[in-house]
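The letters A, B, C and D name the chains in turn, as written, and every chain counts its residues from 1.
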Amino acid sequence: MTNFKSEILSQKSIALGYMEMTFRWPEESEKPKPGQFLTIKIQEQPVPLLRRPFALSGFDEEQKSASIIYQVRGTGTKMLAALKAGDPLDVLSPLGNSFSLPAVDETPLLVAGGIGLGPILYFARELDKAGHSPVLIFGCREKSLIPDLPPLTNGRIQFCTDDGSAGFHGSSVDYMNSLSSDETGNAKVYSCGPTGMLKACHDFALSRDLSCETAMEEMMACGVGACMGCVVELAEDQDRKYARVCKDGPVFQSRTIKWT
Amino acid sequence: MTNFKSEILSQKSIALGYMEMTFRWPEESEKPKPGQFLTIKIQEQPVPLLRRPFALSGFDEEQKSASIIYQVRGTGTKMLAALKAGDPLDVLSPLGNSFSLPAVDETPLLVAGGIGLGPILYFARELDKAGHSPVLIFGCREKSLIPDLPPLTNGRIQFCTDDGSAGFHGSSVDYMNSLSSDETGNAKVYSCGPTGMLKACHDFALSRDLSCETAMEEMMACGVGACMGCVVELAEDQDRKYARVCKDGPVFQSRTIKWT
Amino acid sequence: MDLSIKIKDKILPNPVGVASGTFGYGEEYAPLTDLSALGAIYTKAVTVEPRPGNPLPRLVETPAGMINSIGLANVGTERFLKEKIPFLNSLSCPVILNVAGSLEEEYAEVIRRVDSQDALWGYEVNISCPNVKHGGLAFGTDPVQVERLTSSLKKLTDKPLIMKLTPNVTDISAIARAAEAGGADAVACINTVMGMVVDIHKRKPAIPAVTGGLSGPAVKPVGVAAVYRVSKAVNIPVIGLGGIMNADDAVEYLLAGASALQIGTANFVDPDTSGKVLTGIKEYMKEAGFTRISDFHGHF
Amino acid sequence: MDLSIKIKDKILPNPVGVASGTFGYGEEYAPLTDLSALGAIYTKAVTVEPRPGNPLPRLVETPAGMINSIGLANVGTERFLKEKIPFLNSLSCPVILNVAGSLEEEYAEVIRRVDSQDALWGYEVNISCPNVKHGGLAFGTDPVQVERLTSSLKKLTDKPLIMKLTPNVTDISAIARAAEAGGADAVACINTVMGMVVDIHKRKPAIPAVTGGLSGPAVKPVGVAAVYRVSKAVNIPVIGLGGIMNADDAVEYLLAGASALQIGTANFVDPDTSGKVLTGIKEYMKEAGFTRISDFHGHF
């Protein structure tokens, strides 16, 4: 974990309202793992005050660059989207834990929705490179929200749209449910996205007795585990009531979370 | 007085740390007079919160454009300096009163220092155009602070530097004192700049029994006379203790001000 | 959609007024916003005698806020009647006189002298003023003083009487209850928060009075909390203010329990804030299916 | 240049500490700032029993500030001794334990159990906690409670005892005097300012506890005013905090009367704020010709 001054290498729109930003990763800094995140200090003035957290969406060891995919939402992300290649970037990273690797005989089912695409994409690419055959399922409302992504080599990408305007007609969970138990028999589920989708993935995994890891999101202040601000509530059988997303997560076994 | 959305036409550095910005002046809006000012809402975020006041430094009736000359000082002016031609500008203007015209037989002695250049320059050009022979005296620390200005037709510009690196060696008041009483016999003094210089101009005018108008500056909130925030203290013989710079000024007869 | 609010037996046409001290007596803003569309103009404080106000500088900016030290600079009751009433008389929006003083008797005297004026819809009593009889502590910091002041002013007028609360107290609910007990027809909160800035170059306070009143977006969370607590404590209308810059901020205050609002510092930034806020409130109500201001209340 | 500050009979090496609740127990920030260069670490509050803290969400941003509703989430005294003391023991900077409770007896019990630890330089007593015996009003809002709590804790320890004041009171000077009368070795101010945000889309408070604690640049003027007033009221050192983001802010607090400082919310924005502030204070002192921290005082 280091707080470094980086430089933006490129910034482009990849879907309606979504940007991909690539920036320099310092030689000395630890390589980030899929699921880990960073925080960015967006500007000098105290509005917005806090650093903004984003999951890593890719890392290029040779180019010494990393990237994030983010949605333009409020003040902070609007300011971020206005930055250009060459602008400086104040980055604190890598933060948090990461997805755990599937066993060699497990098929990784990677489910992403909305701003959950980044970490899932990064993980899918790493698994793909390592010879796994990940299935990346990305669900969104409609076609304009589907990002333009290079295909995987061993695995594949399955788009799903609520309105059927592209890919599978239905949610990513509908798609998973459409798979036969044979097809998901040795699957391991990984998810990142809106809470409703995460819970549905968890329920799906429970119903088919699969293991499921989920990357969570909560409003953060410190991002390093010091302020106790970013907690999620844990299931009753856990040894404590809350866990910090930034330090104990963002990746949790879905069974440990209290889904409400 | 209107609050209008304008557009920046040009922005350039005219001396070390000083910028000149030209922007569109709307057809419907009242023509500003020398000494009047505007306020600019620099950005949407509440830091800096308040509008920033600047004196008009020029107005082009044909081009329907106006300009300001400003020093890059703090947060607000730094942000202003980062804007480019084509960017929108939120302007409230014209505000305040203006310099009064000299009599036909009076020689206008216009004294400017630092950020006081704008209104004095505007006034000098108007007088010049109207056939007066204004003497614009601009004093600053050293050569790099001397702005590049087109010459006057009837009048002239006298630069003074504290270190003698250009023009007259000494302050603008030293320069005025170097003029014989004959030369200043029918002068009328106008001044804008640092308080010390304003007081010196006032003292000079008193000592030679000349009339002196001075454009003041105070921290402002409303800029329109409503908040009572921008007051200056008046001389004991005045009928009230304080006057508002934004509404009763910014131009005052120097004799009405309490100089301390 | 009914935007009106009843205070005592009188009606404010809509909830968006402009706050005392930020709008003068209306004249200066006439070219910049539609005065007739205002829910109310709360005037700059008026005292019995003219007051020059505090020494300068009177203003300093802070992060997302500003501090003012205007003092009660005003022309006094006599010149107010002569110089300001004619213009105020010409306005169609309600005009609420902000009344101030250093003694109970001074507040009373202002009301006695102006109460016959039809131009005045009602009074807002500024109890953030130091009470010279009580060691300079503000009237508004002591429930006993507040109840007494309220009930004695109530006797002098039939117009609505609004007590304007200071946030610089341990328990603003107790002060609000005291105002209600004294017969206040409404309470407004908040006045400015005590703050201070040091000029580190000159090594002295940025304003000669040392501490001043903090306003603007920085204090919005303080104002919303005050309105929430006060509206749970009393049964009279609560007028919310403090840092309202746009319609979203205004809706926060309404949901927290405010029945009406005042725009203060925002007038300096955008003189037409009140107009935009009113439009935004209407849009929010339409989307939410609200038909009256009270529909904002009771959600939590 | 002597940057040290004496509190009771002990020395803080420099004035720049990090504030309770914003720095955990130091471990998390070890890779990001030089802990050995800190003037002090004020730990997250510790209570006798472990506390899970408040329901989520616990954070919301405000203009130039943030509101937290962490509650007193902590592992309790027993696990604090087992899990946190070993790391704290390894640090060369002073560690000041922030103590909290709902009853006087709970504060006392924490101090009794930990007082033999050499790792602890002293205590900072968080009196913003609701006093369950007094209807939930915070200890720190009542001078009588504050004096009593202070004097009873003083008897339990020889380490410096710092009372941390809440700004949510009518007269913070009175509270500070009560702490001094009770034997406090220093006072720290300010804790967070009560604030609230409403989620206008969900139509409920942004945090379940409804109101929370406002911190960050927005409250700096409130903190500076508090430090100024308190330092005029008492003769013990005043530790200033609230919205310090950089050395200029720190110098404001020192000139207002603070002898030491704490960096809180700024740690979240730049984890090395404390290092930069210390450097900046030294530069200011050099330019001003100051040789010790007390040279900041008495300019106004």
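By our rule, a residue touches a chain if its C-beta (ideal position, glycine included) is under 8 Å from a C-beta of that chain, and two chains touch if they have at least 3 such contacts.
All values reported here derive from a predicted model rather than from experimental measurement.
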Given chain A and chain C, the chains that contact each of them: B, D
Pair of chains joined by more contacts [C-beta pairs], A-D or B-D: A-D
Centroid-based (C-alpha) most distant chain relative to chain B: A
Inter-centroid spacing, chain D versus chain B (mean Cα positions, whole Å): 48
Where chain A and chain D are represented by their mean Cα positions, the distance between them in whole Å: 36
Centre distance in Å when chain A and chain B are each reduced to the mean of their C-alpha atoms: 56
Cα-centroid distance, chain C relative to chain D, in whole angstrom: 34
Sites on chain A at which at least two other chains make contact: 46-47
Touching two or more other chains - residue numbers and ranges from chain C: 63-65, 216-218
Category of the chain touch graph - line, ring, star, complete, other: complete
Contacting residues of chain B [partner chain A, same complex]: 45-47, 75
Interfacial residue positions of chain B with respect to chain C in the complex: 1-3, 41, 46-51, 92, 218-233, 240-242, 247
Complex interface listing, chain C residues touching chain D: 62-65, 67, 137, 141, 168-171, 193-198, 200, 203-205, 210-211, 214, 216-222, 224-225, 228-229, 243, 248, 251-252, 255-256, 284, 299-300
Interface residues, chain D side, partner chain B - complex: 63-64
Chain A partner contacts - residues on chain D that touch it in the complex: 21-24, 28-29, 31-32, 44, 52-53, 55-61, 63-66, 68, 70, 73, 216-218, 245, 265, 267-272
